[in-house]
Each structure stands twice: as structure tokens, then as C-alpha cells.
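First chain A sits with chain B, and in the next complex the same chain sits with chain C.
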Partner chain A sequence: MSITLISKEGAQFLVSKPVADRIGVVRDCAYGADFWLGYAVATDDSMGITLANVTSSILSKILVWCEHYKDMEPLVDGDSNMEFPEWDMAYIGHDMNQILFVLEAADYLHIPGLLLLACKGIADVLDGRNPRGICDLLGIVMDFSHRQEVDMDKENGYWRWFLHPT
Partner chain B sequence: MLPSVIPDEIWRYIFLILDGLEDQADSPLTREEMIGSLSSVCRTWRDVCTSTSALWKHVTFDDRQSNVHAELLRIGVSLARSNLQQLDVSIAIGSSDPSILSLVVLSLADHLERVRKLDLGLVFLDPPHSPRLDVSTWPIMFALEDLTLENIRFNSSTEFHMLLRCTPALRTLRVGGLSWIAHLLPDIKRETMILPLLREFTLDSYVLYTFVDAPCAMPALERVTLLNTEYGLSWNTLLSRLEWEARPTELTLSGAFPEASISAVLSFFPTIESLVLYSCPADVVHLLRDLPSSRIPALQHLTIDRGQLSNLQALSFLDGPITGAALAPNIKLHVRDCPYVSRVVGAKLVQRGRATFEDANITQGELLAWVANDYAPFGLRFYPSKRRHRKPALTGHF
Partner chain C sequence: MSDGVTPGSWLHQFTEEERRVWCEAHRIARDFQRHYWFAKHHYTALYDRFNALQAERRAPVNRLPIEVLFIIFDLTKEVLPNREAFQWTLARVCKRWRQLIMNDPRFVEVGPKVEHVAPKVEPIAPEQIACHDD
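The block that comes next holds the complex of A and B.
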């Protein structure tokens, strides 16, 4: 049995049942509450399942992960110190833009293992960066009030040179 | 592109991962710098950081990094934001002002019950004149599992024992540097000190004195590490007067242990399965004479870690050309980071099947050369330095 997934742009991806099972939203759509009984509620899958918030490029990347884990359980433990396999770390890479989209899609599609992996990928990219570097990387605007800046000065005076190195 | 669409809970999880990364060696920022950096990005991140109590459970004081007042303020902020989290407290005092220790302990007084790990050390002080640690008002610390004291002075053994009575859940105890504890007062009643959960005990000779006249029950003790061994103390006398109800399986001797001391110490630990000689002297190879299987029947692993072992001496452990006796066949030799043992000899050791060889200093180019020369099948172990994480050492003797 296979299921058709339709991306935001309308591109269709035909995936097998073990691959689709990794995606919580698809699993629920296709099997509903009877997933654990082992048969599909929706017998006609020809219409496909539209994933309106996921672009084709991200969906194809996510399906690579699902294909890899179709026969084995990914790490889903919430321990923040866990170590991921090398394949996972190579898969997620260091492209922050892409990792963020994968994270967003994993959250939307309810794929806990991929969500944790994306979190780990983001943490690795952020590791060692100062606030200015993080703002530049993620396009965040420092929106502190003057009072908050004074408070931060008091708390963390010894590392403020990160913000104002000169 | 971001972060409004990403829920705070996910950022919180990412921050906790980053907090965990700081435990690894070679991390570019300290934990405090990382948390400070994250909380200075924007209001949203600051709110997430300040409301995540797990990020603030590491309480540190180090007056070498900044002034005392700033450090005390930081302790207060961490204690307030950590809510009910169990605390990992690390205090390093470099100043010669004896009142600072009291100030720091006072700032922690109301939170001692939730301290899980306490690392308390004075850096540059001369032990007899260092400030005294007064534990008379300390509560029972049911959460404390890991206690490290360095260069701390107690006026009497009784005070030190009083501290240990406050720590019923203690699993790891390290008392190192030159912690100065006076002898047990002669009129003190002998009372058995019970540390029911203690598994790892690291101590130096001065601390050992405090146990000489006090029976101890440490039924769960697995690892004993003896420090401060370069001093010519009579270990035989000290150890023979110990009344320990303990059967440790791993013994680590650190420092320039005199050869006679090694023999003396080993005879008091007949149950050990693993002996680690850390930073041992060059003549340690003569130890072979003291390792007959009849004296330490359970010994299975002998580790030479960062010792001044030469190539010939390393080989003689297995072949016995120097001493005339080699290791017993059931004992496996582990050579770690010994700078004078070449990799060729390391490969030979591994080839015999009774030894392992680890060298942290190998470069990528050397590794490729090894692979090209088919040395890899010998079982040599290589590991990147990033992953290499040693247990924090007591600064006085490591």
C-alpha cells in the first residue's frame, strides 16, 4: 500500500506505508483511530493528503529521513544530552535556514524524532556564538528596553564585551 | 524567516541542549557565557531563559573571573531562577580574604537542602592559614551526591565527620589538594561513621589521618583514589590503622608514589580488580614483583595513565626482560597517554592481545599514515579530542 502526499506547491510524492507511518499527521489522516488495529480507515488513497505548510524541497528532505527510519525506531527520548547517530548529524547539516524549515515542518507534521534532531542541529550551529552573531544569523532584532539592558549589565557584566566588544 | 513561528517550548529545549554542550571539552564558551549570550538576544529569548529553571541550576563562584560582588550577585540570580531544581554548586576562591568563604556559604545557606553537587575549593591559599569551613549550622543535605573539597581547613576531625553526617546520600567524595584536617581529639568518643551509598572516594594523606581513629562503614564503596603520594608518609602505618568496612574493586594511585608505598597500599586492597597508576614514576615497572596473583587474586586490569613509562619498560610488562617477571596471564595492561611509549611499541602491545594503547595526541595525518601502513588491524584506538572528556581533576595533584 502507498500514500500520495501533496506539498504546498502541489507536487505529489508517492510513499510506502512504513515511510508514511513516520509522519504523525499522515498516519492519523490515513488510519485514524484504528491505526493500532493495523488496517486503514481510508481505503481510497488516490486523492492524496495535502500538506499545505510544507514546501516540496523540505518535504523531499523529510521523506529521506522517514525512508531511513522506516524499519527502525528513531531516537524520541527527550533527554537534551542525548547523542545522535552520525547519519542523523550528517543529514541535518549546518545550514541554519534549512534546519529551521525542517524543524517547523517536523513540528507541523508531528515527527518527534526529526524535531529533536533539528533542535540538536540548531544547538550545534548556535554553540559558541555571541548575541550579535545569533541576531545576524537568525535575523532577530535586539528589542530590549533600556532598563532590561541595565539589568543584564548587572547580572552578566563580565561577558558584556560580547555585545559591545569595543 | 523565523522565530515567531517556533514555539517557546522548542527554544527552551534547544537552550537545554546548548547547556548540555557546555559539559563537553573544547566548548568555546563557558556555561555562564552561553546562557548570558542566549538571554541577550531578544526579549523572547530572555523570557524563555529566565523561566527555564534547569538553565540556572549550575551555581558558580569564581572571584578570579570577576569581582566578588558581581559573583555574589550572580549566585543570587541563579538561586532565585533555579526555583526548586537540584543545584550543582562550584565555588573557587582565589582571594586571600578569609571572609569570602563565609560570605559564599552564607549566600547558599537557605538552599543547601537542594544541592546535588558541591565543589568547594580554595585556590592559592596556604592550608594552615586558610579560612575554616564551619558546618555546624548546615542542615541534613539529602540531595547531596557529589562533594569535592579542596584546600579547605577543618579545625578538627570531628568537624569533618559532622559534615559527612549531613550527607546521607553521598555517592562521590573527593577531598584533595591540601585539605587540612586536624587529628581526632583524644577525648572524642569513637563513633562509627556510616556512608551507606558512597561509591567513589578520593582522598589524600591528610584526609586519611582523620579516618585513622574512626571506624567507617562504606558498604557500597567501589573506587578509591589516593592522592598526594609524593610525600614520604608512612602509608603502611596509616592504612593499617583504618577500620573500613569496604571492599573496593578499583584503586587509583596518583602522583609520584614511592615504590615501597605502592606495595604497602596494594596489600590493604586485596579485592581490587582494577589498578590505575596515574602519573606514575618511571620505575613503576618494578611493581611487577608485587603483583603475584596470590596477593591480589582478583586483579584483571592494570592501567598506566600518563606515566613516564619507556618503550622497554612497557614491553617488559608483557615480556619481562627487565624485571624477570611479566604480568600474570589473566591481567590486561592498558597504556594511556604515556608520552615516551611510541606508537610502534603500542601496536606491538596491542598485537599480543593482552594490552590496549591510547594516545590522545595523534594527528589526522598520522592517523592516515597508520591506516596506510596497515596498523589499524592491530586494534589501536583513536579518538577525536572533542569527544575526550576527562573527569575534572583536583588541581593540587593532577
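The block that comes next holds the complex of A and C.
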């Protein structure tokens, strides 16, 4: 059995059931109604499931991950120093824009394993950076006034911690 | 006015026309204050929304929901320069991140710090004691 996924641009992806099972939204669309209605709504191949917020390039990238984890259980929870497999880290890479799009799509499609992996990818790119570096990397505007920065220096003892970590 | 009582004096009695003018002026001032209050909040909300849209356009990370941001914050604990104070690095990135960090008890200890130390009392010097019987 297979399911057709339709991306934002209208491109169609034919995926098998174990691959589609990794995507929470698709799983709910295809089989989730089974419990309530007594039958599955989207098991017919002719009717695809439209994923309106996911572009073709990102969807194809996500399907690679789903294909890899169709037989294995991905890491979905853990503490801050958990170790991901090497394949995962090579898959997510270091391209920040790409990771952010994957992260948005994983959140939209309800894929907790991929969401956690993308968060780990972002955290690894932020490795060893100071606030200014994080802003430059993510495109965030540091919107504090000078007075606020001075106050923050005082109240947190920030630079003492930053320069002389204990 | 003929007896020398000025309008500032408490003895002054307004004529009907003066009273009408003063009431009208107060009504206009009150309505202006109310209108200004609503307009200020209205434009502040519009301005904030516009800024948020600009920020989302500029940086895709601003589109992420806060629960995803918190996952990222948790995972940066190991990679940011100081493991014990990583939240202060994140809290200096932008106002939104600072608000999220400072309002979350996982990152910041909330509540006043109470020092369980008895208040220090200075000993009384003998020359400070005055004896009125002398």
C-alpha cells in the first residue's frame, strides 16, 4: 500500500506505508480516522494528501529521513548532551537556512525525531558563539538599547561569568 | 466682576455662559484623553505587529513556536561558552528571547533570595550610654 503526498508546488511523492507512518500528519490523515469513522479516509491512492506548507525540496529531504527510519525507532527524547548517530548529523548538515526549513516542516508535519535532530543541528551551529555571533548567524536584530545592555551587565554579572567561567 | 472679584477667587460666581464654556472645555479634554489612550494602544499594537512581521521576514527563526525554541535552548547548554551560565548568553540575543528565558523557572531562579543570617547588631559602646541620674 502506498500514499501520495503533494507538496506546496504540486509535486507528487509516492511513499510506502512504513515511510508515511513516520509523518504524524499523514499518519493521522490516512489511518487516524479509522478509530472514529470505522474506516480509513485516505487509503485510496488516487487521492493525495496535500502538505500546503512544505516545498518539494524540503519534502524530498524529509522523505530521505523517513526512508532511513522506516524500520528503526528514531531518538525522540533525551537530555541536553545526548548523542545522535553519525548518519543523522551528516544528514542535517550545517546549512542554517536548510535546517530551519526542515525544522519548520518537521513541526508542521509532527515528526518529533526530525524536530529534535534539527534542533540539535541548530545548537551545533551555535557552538561557542557569543550573543552577537548568534544574532549574525540567525539574522536576529539585537534590539536592546545601550542603557538596557548596561543594566543587563550589572544585574546578571554577565561578563564575569562569560570571561571567567568557573 | 464689578466688585473686584477675579475668576481665580473662590468668591467668584460663574455666569451661565462661563459655566457652559468651562463644561464644554472639560468635556473636550476628557474625550481627547480617552481618544488618545485608545489611539496610543491601537497604534502600539499595530507597530508591534508590524515589527514582528518584519522580524519574521528577516529571520526564519522568529517564525518558530516557543516550544521549539525551548528545545533549542535546552540543547545549547552543552555548546555555548559557559555551561553554568548559558542562559545569560541566550538572554542577551534579543528582547523576545530574553523574555522567554527570564519568565521560565527552568533557566532562571525566580523569587527573592532570602539570606538566613541573623541581622548584625553593633555592640553598644560604654560612652554611648547616658545616665540621667548623674
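By definition in this document, the second predicted complex is superposed on the first by the 138 of 166 C-alpha atoms of A that agree within 3 Å, B and C clash if a C-alpha of one lies under 4 Å from a C-alpha of the other, contacts with A are read in each partner's own complex, and residues count from 1 in each chain.
Please note the rule applied: a contact is a pair of C-beta atoms (placed from the backbone, for glycine too) under 8 Å apart; a residue touches a chain by one contact, two chains touch by 3 or more.
The structure displayed is predicted, hence computed values, not measured ones.
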item: Which of chain B and chain C A:Gly128 touches, first, second, both or neither; value: both
item: First (chain B), second (chain C), both or neither touched by A:Leu100; value: both
item: Touching partner for A:Asp143 - first (chain B), second (chain C), both, neither; value: both
item: A:Gly24 touches, of chain B and chain C: first, second, both or neither?; value: neither
item: Contacts of A:Lys154 with chain B and chain C, given as first, second, both or neither; value: first
item: Intersection of chain A interface sets (partners chain B, chain C); value: 80-81, 97, 100, 103-104, 107, 115-116, 119-120, 122-124, 126-131, 134-135, 138-144, 152, 156, 158, 162
item: Contact set on chain A toward chain C in their complex; value: 80-81, 97, 100-101, 103-104, 107, 115-116, 119-120, 122-124, 126-131, 134-135, 138-144, 149, 152, 156, 158, 161-162, 165-166
item: Touching residues (chain side chain B, partner chain A) in the complex; value: 1-3, 5-7, 10, 13-14, 16-21, 23, 27-29, 32-34, 36-43, 45-46, 65-66, 70, 73-74, 77
item: Footprint of chain B on chain A - complex, ascending; value: 78, 80-81, 97, 100, 103-104, 107, 115-116, 119-120, 122-124, 126-131, 134-135, 138-144, 148, 152, 154-159, 162-163
item: Chain C - residues contacting chain A, complex; value: 55, 58-65, 68, 71-72, 74-85, 88-95, 97
